[in-house]
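Letters are used for the chains, namely A, B and C, taken in the order the chains are written, and counting of residues starts over at 1 for each.
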Amino acid sequence: MTVITLTLVYLSHSRIKMLLRGVKPILWLIIFTVLIQILFGHGGTVYFHLWFISITSLGIINAMMIFVRLLLIIIIATILTITTSPSMIALGVETILVPLKWIKVPTETIGMMVSIALQFIPTLIDELDDIMNAQRARGVDFGKGKLIKRAQSLVSLIIPLFISSFRHAEHLADAMEARGYSDEVKRSHYQLVAWTKLDWIALLFMILLTAVVVLVRS
Amino acid sequence: MDKQIILKNVDFIYQPDLPSEKQALTNVSLEIENGEFMAIVGKTGSGKSTLVQMINGLLKPTLGEVTVGDIKINNQTNNHNLSELRQKVGMIFQFPEKQLFEDTVLKDVAFGPLNFGDDEPTANTKAIKALSIVGVSKKLYDRSPFELSGGQMRRVAIAGTIACEPQILILDEPTVGLDPNGKNEILKIIHQLNEKGVTIIMVTHDMDVVAQNANRVVVMNKGRVSSDSTPRELFANPELIANNSLALPDSVQIYYDLVHDGIQLSQIPLTANEVVEQITQKRSGVK
Amino acid sequence: MDPIIRVSNLSFQYDDEDASKILDDISFQCEKGEYVSLIGKNGSGKSTIAKLIDGLLAPQTGTIKINDIGLSSHENDREMRKSIGLVFQNPDDQFVGATVASDVAFGLENRAVPREIMKSKVKVALKRVGMWDFRNEMPSSLSGGQKQRVAIAGAIVLDPQILILDEATSMLDPLATKQIHEVVNKLNQKQNMTILSITHDINVTAKSDRILALNDSKIIFDGKPSVFFQKHELIANMDLELPFSEKLRQKFIDTGYDISDRYMDDEEISQWISKLF
């Protein structure tokens, strides 16, 4: 798996720095999970034991596995977002869902929802930044003080963020309706995803890989 | 006059060492005196917003030093020791109504003073004082801020900063989106605060507002200070104005139209009144 | 000729029982190719009119006819929207596409227009607003004025007969505002597009053919801008400001100058001043 991911990193021409930036926000989560595995894992040779904490060989192996797994997931996700525009992802989701159309699942609507949600993320981050600055200017010190104080600072972020998201959604809905959007009509597409030979190869490769993994594990 | 704010050779780089690295300020030095009304103008992305965020410690200089009163900020300053600075320097962002979140108007305005360590009665007294300065009536104190009209929300949000009793007030495009009446009311409030001795630093695109309010105007261009003068001196340089995507006020436009027709007034007029005065003066001179 | 927009006895209020009427018995018409400014302070009900005309809201009483077709059923609404393009106030709240070009194409996609036709139409629309060079940019990387020009392109790409601007420049700086109105003027003159511009900024109304003034949920003026600008008391009562040149003309009168009693723009007034010497 690691080898494949590294090949992907090479193929995508992404810069290592950018990939590491994707890891940064959840670094603490990874460290925390790894520590729990090390400290509370069971089985294998016991190296160290104190009260309910025990460091064992299996614990360490498990921790390493989890570390590598999380890292791979994040790197793959980062590569996807770097190489593929949100609208492409949405269109992709819609295309994959096509078989579901037979059982009357509104695939176009789901595709549109994914696309809008993805595009809303940068707006949302800007908005969060603005609101955070405004509250800091009013004396809020995020991440400092007692638990109650911290909870209150969080409220001063979340409520404005909700309100601005609802406003955005409402206005966007009006704008879309004014431009003739309706989930009842058939739409055409400006951007195309063409299914090429390469996609067949990629699909075949993924099926093979899955089969190998399943065989090895059982 | 004492220098209240001093920026000395300030550089600021967003996200240093990353591909998205961007130099926002380059070697900015400014001194601002107590009680000034200063306007900061420039294109989008010229560094105006970065500059003002330096003054209340929301951003710290990558190089150089910012001094406000006796507080110094440089790249070594700890983020958690800025409370005193933030109280001293009030900051009102674009569309400040976005910051409202409490369930009543009064509670929202008292939020700042409470954060800066006031007890509840003191915070409420300050909130009531601030609300009366911005002209929000008592009837609205217990209403939810979200039930108010756009103009009222803007005033409540501004009260939220005024209640912290800052000595310096920074405003980023405070009148955008308001109708003429709403705009004039906000400008009147800012003027009153300035008369009471509060230093005003205002980021704006509106040259009419600059002409009629500011005693000093700084033009930012590509992260540098490209001009620092009185509004009248700035308007004497139409080329600089055009290069920075700014518009001349109507009165100044008329001045240049007249120059084009061979009529030279003794001074650049900033208001309709001044246009008429200058013309009358010129004509009596002719006769 | 029949008017392209005909609004008769329109009243509207939001659902709340105690809410007062936003619009009270409003009637007006717009001719084909006309450039009409609808002016009023914030909260006077201007934007409600835009939404009613586009069928995004339904009136309680009264009728709206576009090209003599009434707005009533859901089906009709969609039919009618084909003749109307709408640009909203907030540049950040109207983007659907990931790039400028794909956003402009959104309306065409909704009409299931074939891809080849779509491409040429998007090109024409983006060129008209001067944003063709930005076709592959992400909307979030544009300035406010550029975003609004893209929004205009997204509306005109559907070849609407009517373009409604709902406070489209109130969040922009003066220079971007001027550029947008130049684009709109060109659409009005070259494409003969009917324009309904909703605004609280009296300075942007000077170039329109006609002004409708909305105050206290009623239309209190309907006529030429030059006539409107001379109604100083009416404008003050509406909490609006006089255009600069009209303020200046009044100052000249007050100081005892013998100046024409009709409205003059900045250029005309400086010509008048030149003649004093």
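In the analysis below, contacts are C-beta pairs under 8 Å (C-beta built on N, C-alpha and C of every residue); 3 or more make two chains touch, one makes a residue touch a chain.
All values reported here derive from a predicted model rather than from experimental measurement.
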Which of B-C and A-B has more C-beta contact pairs: B-C
Remotest chain, subunit B as reference, centres from CA atoms: A
Inter-chain centre distance, subunit A versus subunit B - centres from mean C-alpha coordinates, in Å: 39
Chain centre separation in whole Å, for subunit C relative to subunit B (CA means): 30
Complex contacts: residues of subunit B adjacent to subunit C: 44, 149-151, 176-182, 205-207, 245-247, 250-251, 253-254, 257-258, 261, 263, 272-273, 275-276, 279-280, 282-283, 286
Residues of subunit A defined as touching subunit B within the complex: 15, 17-18, 21, 127, 130-131, 133-141, 144, 155-156, 159-160, 163-164
Sites on subunit A touched by subunit C in the complex: 85-88, 115-116, 119, 122-123, 167-168, 171-172, 174-182, 185-192
Subunit A-facing residues of subunit B, complex: 18-19, 53, 56, 58, 80, 83, 86-87, 90-91, 93-94, 96, 98-101, 111-112, 114-116, 146, 160-161, 164
Parts of subunit C lying in touch with subunit B, wherever the complex brings them together: 41-43, 89, 143-144, 170-171, 173-175, 178, 200-202, 239-241, 244-245, 247-248, 251-252, 255, 257, 266-267, 269-271, 273-274, 276-277
